[in-house]
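For clarity, chains are labelled A, B, C, D, E, F and G in written order, and residue numbers in each chain start from 1.
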């Protein structure tokens, strides 16, 4: 069972260790500020359309590790675990 | 009796088992987050219009299984059961 | 006495039996969700204008039975009874 | 003393009997919904401008009887009585 | 000392008798509705810019008597008295 | 140490006597209305971009005395004193 | 581990001494107004897209010292310390 996102949406698998300091070094602060989280992109939509109805190319690809707002998107549980469907606008950065 | 949706609206028949874990594997979490639901598309509008009044092609077709926000759209009961009229923007992904 | 709606507005005569199950089979649920209602279109505006000032063609015609949000539009009582002036955007679907 | 409205504004003289059933048959309901009112157009602006700065033609003319939202516009008292300056967007329909 | 307004702004000198019935006949009602006021235009900006960066011609000129919303704009006191800087959009009509 | 503002922002040095009547004659009222203030422009951004990404020319220059809303912008203290970074849209008029 | 920001976002390392008067002379006031902060840009996105889907050039570069609103953006802690991912629109000025 797979999700094919529409428009500029992507499906992300949250990375387990996103909220504690890890050997790879990423730590998410626990303050009153907007909270980011790290995940891996597993599906990418075809892109939103511009004013002329043309698709706008997506900036993320399947396999990218991305930083996104923890409060964005919609949670979905599949057999493969918990995923998130979110708009590319809610992705802050690609983590290298 | 049939509904012919206007603009970018679609008519969806919610899938009964959308909220519990099933053999097909989709489970919708019951948290404070925006809740998605699965349904089957039974009617598709002609598409919204862009700035020049041209129709924008729809990305879903009759028969597609789709994931959408549980709080989106308008409920309608027909003899064939309960349906939902919602905008294509509220559809998150096609479920394969 | 007649109403000629402006822009993308239409005048609708609400159908009496829109809120109870009828032989024709349409039933409107009475929940906390946005409530739809069925009516017949009795007048149609010339259409809104796009960015270049051109009229956008209307998708409903006089005589269409339409499904619309119960909370949309403005009620007007004429000698011929109670009517509703609403924007085409508030019409969800044509009922066949 | 006269008012020359700017943009898409019009000056309307409210019709006295707009809120009770009259021989001409128009009755305005007194519910919690948006309340319309009937008036006669006595002055019309040159029209708003589109994205290219071109005037958009007005759809109402001096002398038209119009239906408009009771809560729209700005009241002005002249020697000739009470008038309303409102945007054409707030006019729902022309009353024939 | 003079003010040269920017964009579509104008400088207006409120007319003293705008709020009571006068021989010239203008009376501003004192209700809960948006309150208009009369003033004389003493300076006019070069106009706002459209989507292509072109100036949009102003519809009011120095010397015009104008009707504007009492709650719009910013009060400025100069030696010549109290003035108002407001956007042309907040001007309802030219008073002849 | 200098600030080079981005987009349509300008850096302004508030004029000390902006809030009391002075020989030059400008007095800022102390009412519940939006409060303006006078300052001198000490740095100007390159201009915002229009829909095609082209810069829109700025209407103020370094050295201009300007009238702006007291509640707009962001205060910054440099060694040279207190300054304000604000968008050109928040500048009401050039004071001559 | 590095962050590659998307769209018009940039990654900034806040400068420690941004909130107290320093030899370099920048002091951030502690009032009820929007609070700015100084930081160094360590990564820059490819730019947002205009209406035609074309990239808009970024106005800041890696290494720039920038002034930004303290309440903007999303905090991220990496091994190299605390950073901020923010949109270029939230950057007020480049500090020279």
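General observations
The rule is simple: a residue touches a chain if its C-beta (ideal position, glycine included) is under 8 Å from a C-beta of that chain, and two chains touch if they have at least 3 such contacts.
What you see is a predicted model, and the numbers here were worked out from it, not measured in a lab.
Contact with chain B and chain G alike is made by A.
One simple way to say how far apart two chains are is to compare their mean CA positions; for chain F and chain G this gives 22 Å. Our note on geometry: chain B versus chain D, Cα centroid distance of 40 Å, whole angstroms. Chain centres here are Cα means. That of chain C falls 50 Å from that of chain G.
Touching two or more other chains at once are residues 51-52 of chain D. Chain contact topology: the protein chains form a single closed ring, every chain touching exactly two others. The cyclic arrangement of chains, read from chain A in the direction of chain G, is A, G, F, E, D, C, B. Chain C makes touch with chain B in their complex at residues 21, 24-29, 31, 33-36, 50-52, 54, 56-57, 59-60, 67, 69, 88-89, 91-96. Chain C contributes residues 1-7, 9, 11, 43, 45-46, 49, 51-53, 73-80, 82, 85 to its touches with chain D in the complex.
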